[in-house]
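Each of the next two complexes has chain A plus one more chain, namely chain B in the first and chain C in the second.
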Partner chain A sequence: MWFYIARRVNLFVFTVAVLFLLVFVMLNALPGELATNLSGIQNPTMAQYDAIVNQYQLDKSWFNQYISFIKQRIHGDFGVSFSDAKPIYDEMLRLLPATIELCIYAMTIALLLGLPLGIIAAVYYKKFGDFFLLGTSLIGYSIPVFWLGVIAIMYFGLDLQWLPVAGKLNLLYQVEQVTGFTLIDIYLSDIQYKQLAYQDAIAHLIMPTLTLAVIPAAVVIRITRTTMLEELNANYIKAAQARGQHPLSVIFHHALPNAIQPVLSQITLQLSTLLTSAMVTEVIFSWPGIGQWLIQATYQQNYTIISAGVLVCAGFVIVVTVISDILLIATTPRRRSAEYGSV
Partner chain B sequence: MARSDSIYQEDTIPTPLRHIWLNFISYPVAMLGLWVFIGFLIITLIAPFIAPYPPGLQHPDALLFPPSWHEDGQVSYFLGTDDLGRDILSNLLHGVRTTFGSSLIVTIFAAFIGIFLGILSGMSRGLKSSILNHILDATLAIPSLLLAIVLVAISGQTMINVMIAVGIALVPQFVRATHTAVHHELSREYVVAAKLDGANKFQIFYNVILPNVLNALIVQFTLAISIAIIDIATLGFLRIGAPASTSEWGTMLADGVDLIFIAPWNVTFPGMAIFASVLAVNFIGYGLQRAVKEGLG
Partner chain C sequence: MPLLDIRNLSIEFDSPHGRIRAVDRVNLSLNPGEILGLVGESGSGKSLVAKAIMGILTDRWTVSADRLRYNGVDLLALSASERRKLMGREIAMVFQEPSSSLDPNDTVGHQFNESLPMDECDVPFYRRKKWRDEQIKGLLHKVGIRDHKRVLKSYPHELSEGLCQKVLIAMTIAYKPRLLIADEPTTVIEAGAQDQIFKLFKKLNQLNDVSILLITHDLEHVENWTQTITVMYCGQTVESGITKDIFKQPFHPYTMALLQSMPHFDEMLNHKSQLTTLSGCVPSLQHLPIGCRLGPRCPRAHRKCVETPVMEKSRGHYFSCHFPLTENIE
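Up next, the complex of A and B:
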């Protein structure tokens, strides 16, 4: 097993190196001077320019430049923002948790909804329940996120005025940012009206989370249905049924444990789609996360932020994929076969 | 043919593709998707002839008219007008061209490049294959929309650049799908048999593997069309896609958001157009997937 983990880690290092290369090529291709694009310092003075050249080894070959670029980024130096000269690393640490928070809640809802519904669809294969759920999941999968968000704002935010339409928390609640996750921060803070702050934070969370959860939920339904169907047609299920096991016990004790593994491994593939929709959702609901920050940066042609955003988003996807891969390998001996180990 | 003396004379065995097609047309939902798709395709071709007004034509005396079935609406502006007096129906019809038509073109180009690269990487083994795979993994890890945003930022905001960006963002997915399908087939016994018969690499690919991976590629193609439509519309919605003057569904929706309280039809109709086209494509994709599975299983 350690062999496969080493292989995964090796793959991880190479993938990240390629990612850095792509971003480095991108920074070269962007209009403007390379020194400015790398460091974010607009109109550097002579001394600053020399420092940048020294830092990124711009007077050496492109390979040296690439290596020192990786070094700087790994040490947390992402340069400064074009527009306000703030260090990007600090800004990212502030914004990233908000995005991850949104993604985690959306994914949890998607799993809580999608897994049972997918199982139901598989159990009622080719009956009304199956068609209904499959149709719903196809429709959910086809709705553009931004349209759904805008309609939700129009109906629940403006018409019914049930839910707040923008932001993370009402400004009345002065919650100090410790972890960046709103709910945890409220727990850690010592404000007077914790209960009300919780209510407010959850009210702000409902619409963005549900909007973001629709597509993953639809995907989870479809994947669960497919893998459950495969398992339910297997011989060991027939054997269990023949032994007179209760139908529910057959589904939950025999089929589900086998069906859930491929579901989980397929879901990690959806992560990059999830991040994309998270970016759009953040823009619509003015959620102070990394997606909104990135889109703002594109309006301002803020190249340091864009490149940092690409690195962080893609890096996040790669890290999560590798971790879930290793976890799957550790828990499922079946996946240790040569076919899974080599890519 | 040569089988005329066979006792199965009247029984023609359908080819795999025909088999899939016969299966496909037996699903009403998939056929509905196909008809809607064909409808959009026809509109793409004849949009300028059926649209009541040219795209972007402003009627200063008809600002924010509601749809015609509303008591304040007028039949000459069937789906109402926006804040500049542009007819929404005409804009939507022209939008079929920019959003739906261009996503088709983009997908076709991306499919050619992606499938070609996928075949190259799928047929090769060892170091070459693994280098290609790492590059692929890295590009696949970048969310496709983010990649498109970066490419538009590099090349400037025109419709052609948006199409190129969305296309480039689609290519890795095609490469991955083709690679997996081809690689999977390579280890099959009939491929080994063909190799033992002395077939060269091209023959193995063209005669042995291609017929068996074609259905996977078709499914991937429909999936890619829906992704392309959504991506182009999303870029338009974020105002980093099609330039402001183009009648593109996402851009129209973004314009409508500012008017959402007084003129909700500016948001509803473009959204429905995107939704309908994506749903149609997904219905086709679902039907194909099912036809492939049941036809061969």
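Up next, the complex of A and C:
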């Protein structure tokens, strides 16, 4: 098992190195001065230029440049924004939690809905429930996020006026950002109307979260159904049935524990899709997260922000994948054995 | 009345090439207290028959039978919960692929706990754990597992196939079933321990009056341990009767070929037939011959064999062949 973890970590390091290389090449290929693209400083003075050359070793070989680029980024220096010269790192720290918050809630809802429904679909294989859930999940999977978001805004936000259509929290509530997660920040703050602030924050969360949760929920239903079907036809399930065990016990004590690990590992693979739809959702609901920021940066050709966004989003996906991979190994007795480590 | 009574059991599934009959009108009858051997080559449908009795075939199989009765109860008409009351308690099955018949994600000990007959437990709840441990230990010793502590703590992949099989046998006899279906129970067990398992079966049979359906392709075991046998070929029953009689004088060419594949059989044989092993191999399910399925490989085949032979009876001995070995053909 340690061998396996070492391999994973190894793979992680290489993937990240390749990621940096791609971004580095991209910054080289983009129009404009390399010094500007790397640091974000427009029209640097002589002294600034010398500092950048020194920082990124621009007078040395490209390999040295690449290595020092990695060093700068790992130490949290992502340069400054093209448009307002603010340090990108601080901006990201402010925005990333909002995105992660949205993704976590959406994923939780997707799992809470998708897992039980997927199990039901598998248990009622080829019966009405199965067809119904498959059809519903297909529809859910095919609906474009932006369309769904706009329809939700029109109906629940404008027509019925039930829910706020934009933002994270009403400006009335002066909540200081500590963690970046609204609900936690409200808890930590010392404002007067905490109860109302919670209500407001949740009202703001409902539409973006549900919009974002639709596709992952559909995916979870389908993955769970397929995996459960496979497990339910396995020999050990037949054997348990032949021993006269109760069907609920067969499903929840044997089939589900075996199905849950492949399900979770496949869902991690959907993380990049989730991030993409999160960006779209953020734009539609004016959610102050990293996606909205990135898309604005794309319009402005703000190369430092774009490159930082690519690094952080891709890095996030890679880290989560590696961690979930290792967790999967650690929790599956079969895979913990040595021979699996060499795969 | 037979304990297990099967008449014309057919098991079919729909394939892209049409409906395929993997098991074709099989007959089987097992009297209380009897050990019946079900023999046949690999792929002849023995496991399918066993799974059909247990009612655990997947949805894509269609099971139909004129009669499929256990102790007078029609197994095909049972509801799921009625079936559950029977399975494991009255009828139990040892599966062919032992390691895949245990949940890979769960320790052997935990799975064993689940299959203990808790309704037989009459001790107060705080002594239950001890009772369970005693039961499990006793059952494991019966099948010849000494280091039960290690085995119970292990996950199935950490045990050898043979050990898994022994554990499964121990689990199946926990409920003291009246009918035990053993699907090749000893093929993965080392030679020395095979006899121990068979002795255990014999003991269960004699002391507890357990009837056993022993599925195997090892004819020596059949000869030593069973009272009656049923021979299957390619999804059809070809011959059934009392083991001793059939070993003395098989009627069906296929049974003869099986017997001749046994070492030392020639010495026992006092019949001057000149059959050797059959040519060719078992046809695949997609290309079954019409009529007698043995036809293309049978040395005695004639034109008449394109009609499916009906089961005939002669001196308590059933066979389905147009030209049994006892009749001379020119």
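Please note the rule applied: the second predicted complex is superposed on the first by the 333 of 343 C-alpha atoms of A that agree within 3 Å, B and C clash if a C-alpha of one lies under 4 Å from a C-alpha of the other, contacts with A are read in each partner's own complex, and residues count from 1 in each chain.
One rule holds for everything that comes next: a contact is a pair of C-beta atoms (placed from the backbone, for glycine too) under 8 Å apart; a residue touches a chain by one contact, two chains touch by 3 or more.
Given the structure is predicted, the values throughout are model-derived calculations rather than measurements.
In this overlay on chain A, chain B fits alongside chain C without clashing.
In the superposed pair of complexes, A:234 makes contact with chain C only, with no contact to chain B. By the document's definition of touching, of the two partners only chain B reaches A:14; chain C does not. Taking the Cα centre of chain A as vertex, the centres of chain B and chain C in the superposed model span 70°, given to the nearest 10. Using the contact criterion defined above for the overlaid structures, shared-chain residue A:198 touches neither chain B nor chain C, since it reaches no partner.
A simple residue count on chain A separates chain B from chain C, and the partner touching more is B. After overlaying the two complexes on the shared chain, residue contacts for A:314 are found with chain B alone; chain C is out of touch. Of the two partner chains placed by superposition, only chain C is touched by A:245; chain B is not.
By the touch criterion defined above, A:125 lies against chain C but remains apart from chain B after alignment on the C-alpha atoms of chain A. In this overlay, which is a superposition and not a single complex, chain B and chain C have their closest Cα atoms 7 Å apart.
Contacts of chain A with chain B, set against its contacts with chain C after fitting on chain A, share not one residue.
The part of chain A that touches chain B in the complex is made up of residues 11, 14-16, 18-19, 22, 26, 29-31, 134-135, 138-139, 141-147, 150-151, 153-154, 158, 272-273, 275-276, 279-280, 283, 294-295, 298-299, 301, 303, 306, 309-310, 313-315, 317-318, 321, 343.
Against chain A, the residues of chain B that register as touching in their complex are 29, 130, 133-135, 137-147, 149-150, 152-154, 226, 230, 233-234, 237-240, 250, 253, 257, 260-261, 264, 267-268, 271, 274-275, 278-279, 282-283, 286.
Contacts from chain C toward chain A in the complex involve residues 51, 54, 56, 58-59, 80, 84-89, 92-93, 95, 97, 100-106, 114-115, 155, 157-158, 168, 171-172, 175.
By the touch criterion given at the top, residues 125-126, 233-236, 238-247, 249, 253-254, 257-258, 332-334, 337 of chain A touch chain C in their complex.
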